[in-house]
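Dropping the structures in below, format is structure tokens.
In what comes next, subunit A is part of two complexes: it sits with subunit B in the first one and with subunit C in the second one.
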Partner chain A sequence: MLVQQILNGLTNGSLYALMAVGVTMVYKSLGMLNFAHGDVMMIGTFICLTLINVGGLNVLVAIPLAVVCSAALGFCLERLVLRRVEFSSFVNLLIATVGVSYVLRNGAMVLFGTNPQKFPSIFSTTPLDIFGFKITPQSIGTICVSLALIIALHFFFTKVKIGKCMELASSNPESATMMGINVSLMRFMTFGISAGLACCAGVLIAPYTYARADMSATIGLKAFAAAILGGIGNLWGALLGGLILGVVEALGATYISSAYRDAFSFIVLFIVLFVKPTGLLNRKIENKL
Partner chain B sequence: MADTILKVENLVSTYGPITALKGINLEVKEGEIVSLLGSNGAGKSTLMKSILGMVTIGEGSSIQYNHDGQMVELIGKKSHQIIPLGIAIVPEGRGVFINKSVEENLEVGTFFRKRPAARDKELLDTVYQTFPRLKERRKQLAGTLSGGEQQMLALGRAMMADPRLMMLDEPSMGLAPLMVAEVFNVIKNVREMGITVLLVEQNAKQALKIADRGYVLTTGEVTQTGTGKELLADESLVAAYLGAKK
Partner chain C sequence: MKKTSSKISGIAKILVIAAVLIIVPILSPNNYIQQIINLIGIYIILGTGINILTGYTGQLSLGQAAFFGIGAYTTALLNTRLGQQFFVCLIASILVTSFFGVVLAIPALKVKGPYLALLTQGFGEIVRIVMINWTPVTNGTAGILSIESPVIFGFAFDTLPKYYFLVVFFAILGLLYERSLINSRTGRAFIAIREDTDAAELTGINVTTYKIRAFVLSAVYCAVAGTLYAMMIQYVSPDTFISNTSSVILWTAIVGGFGTILGPIIGGIIMQVLPEILRFCGDWRLVVYGVILLIVILQCPGGLYPYLERFLRFLKSKVPANKSKSAAS
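Showing the complex of A and B:
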């Protein structure tokens, strides 16, 4: 029972992690939370669904296309909205993302309706019996794909030149500029990648939650919680935070009360922040004068 | 007579409503060390940022840079277009990436200058030879280095760019006297590597000693210029701006 619940928790957790990574990337690059992240995920999911239902495409073809469209949406967001307010103030930037979030959500209601729509899963949903535990291939697939994406991202940021530049541009924009890095281009790319990841998360979640205009409501919040729990700005922190939240939720729901399912993750977040305000994996490095 | 590598004419730079530079004229010739002196707020750092395309520049200004024998106008270009032309900077406050290792910091210098990979290796050897400390600590995070070591790292990073013009913004700031002496030694070495140096300093005596020529900046204007020796010999100047005494 315990192991079974942990497995379920890890499935959700890996999705939180995937969302949290996008949140954390944007936070690092702009120093603010992107409140539209969850809604970008939702739009990506609907784009994918439309490609499947209207365009008649196979799921496996539709997903990459939807990811590309979402990335494009991320690019537009950065270029058309955030860049305009960038120089005013942090609060304006934050409010702008809240605004975008509402526009996307309500736009989706108009375009796609308010009814939840069934979303095809990539992997089979018939549970398999592995050492006595029941787990669906969809769950295994979700965990594997999320992990693979996060690991790939890690290599992108540490081994690929453009990834390194993105990392440098977000950690110290002024120095990066002086080293010849095109900081605004890097920021642009950050938004694109973050939005693409959100779309990946969306198509993995949607088979469970259905595609709904408000599907981002809880998962968007959990993504913030996961990112902050692990230490915002930290890729591995986002992964760890996501998995912890997923497991805590699953265990709390089983052993304490399923009615408070969503509350458990935030209780954990409070406790961790109380003990370690930087989040689990972040250290403070003092800049010497 | 050596060729001019950088020629600044009538440079006016503004930060919002503030005019930080009010028509600067300045010239740097190939192979020179030129020191730029002045108190806080005189506009020294602004001048560097103007050359890198990081501040708003007024009309009628011109910054010409000699790129492979051709004078190129830098105004209107962005820093990511200017750096690859062969300009490197050691920023004020060093600007190392504290979350990255020494090695990774040095690598950044190589990102935007096209050249064979063998040259990177060669430069890395030179940097490690100049700063054995950096080699010892190459896996360490830059944030864990001492201030002096960070300054070496910033210098090393600029050397890795294989620049033709290196600009240094207050490289001696906040360093222990021994370290200051080492920094000035390295600057002389840098020139011997064939790199032209534009040095911004508050430590005027030291800066003038190694400089071929100097400019004194006062509230956004060049108020005095001459060879290093001339400026050093001018007692009123030394007393007024440069905090005299040893």
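Showing the complex of A and C:
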């Protein structure tokens, strides 16, 4: 029972991790949580669903297309909204992302309806018996895809030239500019990649939760919680935070109360912010005057 | 001489405002419009509350709907279960939300910026989940029905136009309190914390207690608004107190202009009237609403209050000119 729940938790956790990575990337380059991240995920999921249902495309063709569309959406957000408020106050930057989230959510409700819609899974859902534990190929696939994406991202940021440029542009914009890196272009691309990742996460989440217009709010918040739990700006932190959050949630839902399932992650968030606001993997930053 | 004339013009202003406020319910053609007007009042109270917390103290909150909801539910429960009247409900919901204000303020003291926004939003989500799932007390998603309208000193505020005066009374009280607060030592401390927390601490301002005070004050405003809301609509359900409501409350303050006393009034009117004007857009109403607000935020980051101020100054500069002209002729 316990191991079974931990396995379930890891499946969800890997998805939260995938979302958290996107949040963390944007936070690093913008200095701001992107409150529209969950909504980008939701829109990406619906684009994919529309391509499958209306366009009659195969799932494996539809997903890459949807990822490209969401990345385009991310580009648009950066160009049309965030760039304009970048230099005004912090509150306005936050409000702008909240506003985008409001527009996207209500737009999705009009375009795609408010009813939950079934989303086809790429992987089979018949459970396999491995050492007496039931695990579906779907959850194995989910975990593997998320891990693969995060590891690929890690190599992208440490080994590929453009990835290194993006990393430097977000961690130290001034010296990046001096090295001749186009910081604003890098930020633009960070946003696009983050939106694409959100779409990947959405496509993997939707078979479990159905595609709903209101899926964005809770999952988006959990992604923030995961990113902060692990230490924001840290790729591995996001992964660790996501997995911990997934397991805590699964165990809480089983042993305490399943109705309060969604509340556990926020309680974890409260505790983390109270005890160690910098997160698990980040060192404490001294407040310099 | 000058002082008396400014006093007279001050009294005249108050009389004009009072006259407008009294005429409004007489002019409103039906209950629907009256309800929107009452909601404007309630949102002015909510906007004033968040203005103290975010506009003056700089503590961003995305969880105001939670306080609003706690206030409304406290009133609803006391009224339907225990049969308590308006003042008992009001005081009880103020006490309960203040308690939660302190509870939220304690972890909030450690964090700032986006973390604080996230923390408050998480708080809002927890409160909403509890509202939905704590069925024996909150009656789950069905909400609490048939809350009585208030009777104060034997006078029943049982129709919307009558209720209007109650809302207006509390809205004005709230605005006046905010005004005197901001001009006091506390208000100056709030502004100092907003401008630079470290510098404020160095000058001897106890940042901790002032932040807690700001949280509790904004929670109290939400409690008053919640009580008024519950007794006006006579029904509360978790659907009202979602994160969208928190965003609307934040926008009420930001569209009007953060850190200005009159800002929430402008914001309250715009945020409530705009969706009604946009009814012709059909299903797309809320999308258009969001886009318009986004444009307002992008184009005038300081809100609309500076524009109003400029307009008033323009009027003022016109009026004496006219007077001198008429005197010359």
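Here is the rule we go by: the second predicted complex is superposed on the first by the 282 of 289 C-alpha atoms of A that agree within 3 Å, B and C clash if a C-alpha of one lies under 4 Å from a C-alpha of the other, contacts with A are read in each partner's own complex, and residues count from 1 in each chain.
To be clear about the criterion, a contact is a pair of C-beta atoms (placed from the backbone, for glycine too) under 8 Å apart; a residue touches a chain by one contact, two chains touch by 3 or more.
For clarity, every value in this text was computed on a predicted model and none was experimentally measured.
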First, second, both or neither for A:L94, with subunit B first and subunit C second: second
First, second, both or neither for A:C165, with subunit B first and subunit C second: first
Contacts of A:I267 with subunit B and subunit C, given as first, second, both or neither: second
Broader residue contact with subunit A after superposition on the shared chain, subunit B or subunit C: C
First, second, both or neither for A:I181, with subunit B first and subunit C second: first
First (subunit B), second (subunit C), both or neither touched by A:V85: second
Which superposed partner A:P277 touches (first subunit B, second subunit C, both, neither): second
Set intersection of subunit A contacts, subunit C complex versus subunit B complex: 287, 289
In the complex with subunit B, residue positions of subunit A that touch it: 161, 164-165, 168, 171-172, 174-175, 177-182, 185, 285-289
Of subunit B, residues touching subunit A in the complex: 52, 54, 78-80, 82-84, 89, 91, 93, 95-100, 104, 107-109, 111-112, 141, 143-147, 150, 157, 174
Partner subunit A, residues of subunit C touching it in the complex: 54, 60, 62, 106-107, 110-111, 113-115, 117-119, 121-123, 125-126, 129-130, 133, 198, 243-244, 247, 250-251, 254, 258, 283-284, 286-287, 289-291, 293-294, 297-298, 301
Touching residues (chain side subunit A, partner subunit C) in the complex: 27, 32-33, 35, 81, 84-85, 88-92, 94-96, 98-100, 102-103, 105-107, 109-110, 217-218, 221, 224-225, 228, 257, 259-260, 262-263, 266-267, 269-270, 273-274, 277, 287, 289
